[in-house]
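One chain, subunit A, links the two complexes that follow: it is found with subunit B in the first and with subunit C in the second.
What follows is the complex of A and B.
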């Protein structure tokens, strides 16, 4: 998956226009990235990428770039 | 490894029970912003749930269900050899809730009665115990009562749990099967105590009898860890069970999952590649009632029951502990299924 595709996946997940987010967008700027959003993100990471995460790594993610780095670390981002 | 197959016993009746008071999360919630409520209801799936008044405890819900079971089976109270009460919301710290139910049902002083302190995994564990007791010889009839009142220990200011929980009880009547010709029952039980903090009521027990913060008398849940546990453990439990019990997924009529959260359950269904038609849901009407959600779903989940053969069910409980387990059982056409509301 390319970075552009990953950004679209993330934006769709949180109900945002893809143009509104960049890797630098922080969690506090995304209202839907709350505790329910965390579960949605965890489910999609598992379903789409087969990545199972834990509470500590979810807490550590504070920006879209952190999510992209997770995908990169698991070899899901080219 | 706690995997076992045991000679089947007969499930003679299952009755679930809920308090009469039905609360509509969408129209009656005033503590949270309606948009937030709408979002939580969509995700967790709980539209309505039944809430026990302060005067109704787990024993009351289960005794009502057990009375219905005894009545419909025409079982005399003195014919019950053992009573297992599964709960994590007991009436008292002591005595055991089983003793209260024993009194209310008028059971004999020759009846064994004890509690099992498990939550969402409690039903498979209790069936395992009852099946061993019946197959061990001597005992003929066992009642398994499983009841919880989680609305009483949920923090009403925490939207993650305030809109989720409902109260329920159940009674399951099991009898020794003299011919033992049925499919052996299978049990697959697991524990991971390292997750003990992920679902916890920290206060009120003897480690912290009177907590300074009253919120410690309510359940605290680490949603992300519980979700992680569920998606990691439940699909492998199901896969392992089907393999161990030589039962391909196609041979199972219904997978009766603990009704934890609609979003999580739907995710599990996809992950386990089980058709949704084989997973009944009751969480929309009753909320997450803990372990009793399994017998509640058996009676209220709209199971289609052929008249000429038993249903093959895989019961799957998972949650607080962390503890999880499955039971493969058969539900014959003659098994009585019933449901009562407790005013």
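What follows is the complex of A and C.
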């Protein structure tokens, strides 16, 4: 998956236009990245990429770039 | 009004699959308004039936995780009306079940025809949040019946 595709996946997940986010976009700028958003992200990482995360690592994610780095770490991002 | 929208669990593999039934009584109060002369079960109640059914399958899998609560309706579609006097057969297939969340694909069939379907997302609330002694009577009844080997009682009006 390319970074552009990953940004689109993330944007769709949070109901945002893909053009509105970059790797630098922080969690506090995304209203839907709340407690339910965290669970939504966990579920999608699990179901889409087979990446099982824990609460601590999800709490540590503070930007879109952090999520992209996780995908990269698991070899899902080229 | 009680809010138990599952009469009986017909079969269940905890954490995986469940099939339950709900008889739609013509006496339901909401038919007075939804709609006069054309009574149909509201879509929100059909969705809740699916959520309660899949929720019981999750609760039976791991009670220590807490009670499953509907957190998001990812998608839902309604293909036909559900009318008074019909029996809804509610199916839940658990897609993902994790300590923090679960997802399920659900559907309701009437006379073997799919009436509606939904993708549902659940989170969990620890049991300490609920009243002491709170129990899921429908689930307990099923588990007791399963233990005794008795068959489902069948859905009767």
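FYI, the second predicted complex is superposed on the first by the 78 of 78 C-alpha atoms of A that agree within 3 Å, B and C clash if a C-alpha of one lies under 4 Å from a C-alpha of the other, contacts with A are read in each partner's own complex, and residues count from 1 in each chain.
We adopt the following convention: a contact is a pair of C-beta atoms (placed from the backbone, for glycine too) under 8 Å apart; a residue touches a chain by one contact, two chains touch by 3 or more.
Quantities reported herein were computed from a predicted structural model and do not represent experimental measurements.
Of the two partner chains placed around the shared chain by superposition, subunit B and subunit C are both touched by A:47.
Counted by residues of subunit A touched, the larger count belongs to B, out of subunit B and subunit C. Where the contact sets of subunit A with subunit B and with subunit C meet, they give residues 36, 39-40, 42-43, 46-47, 52, 55. Interface of subunit A with subunit C (complex): residues 36, 39-40, 42-43, 46-47, 52, 55. Chain contact summary for the complex, subunit B toward subunit A: residues 39-40, 43, 160, 222-225, 227-228, 231-232, 263-264, 267, 270-271. The touching residues of subunit C, counted against subunit A in their complex, run 71-72, 95-96, 98, 100-101, 103, 121, 123. Looking at the complex, you find that subunit A touches subunit B at residues 35-36, 38-40, 42-43, 46-47, 52-55, 58-59.
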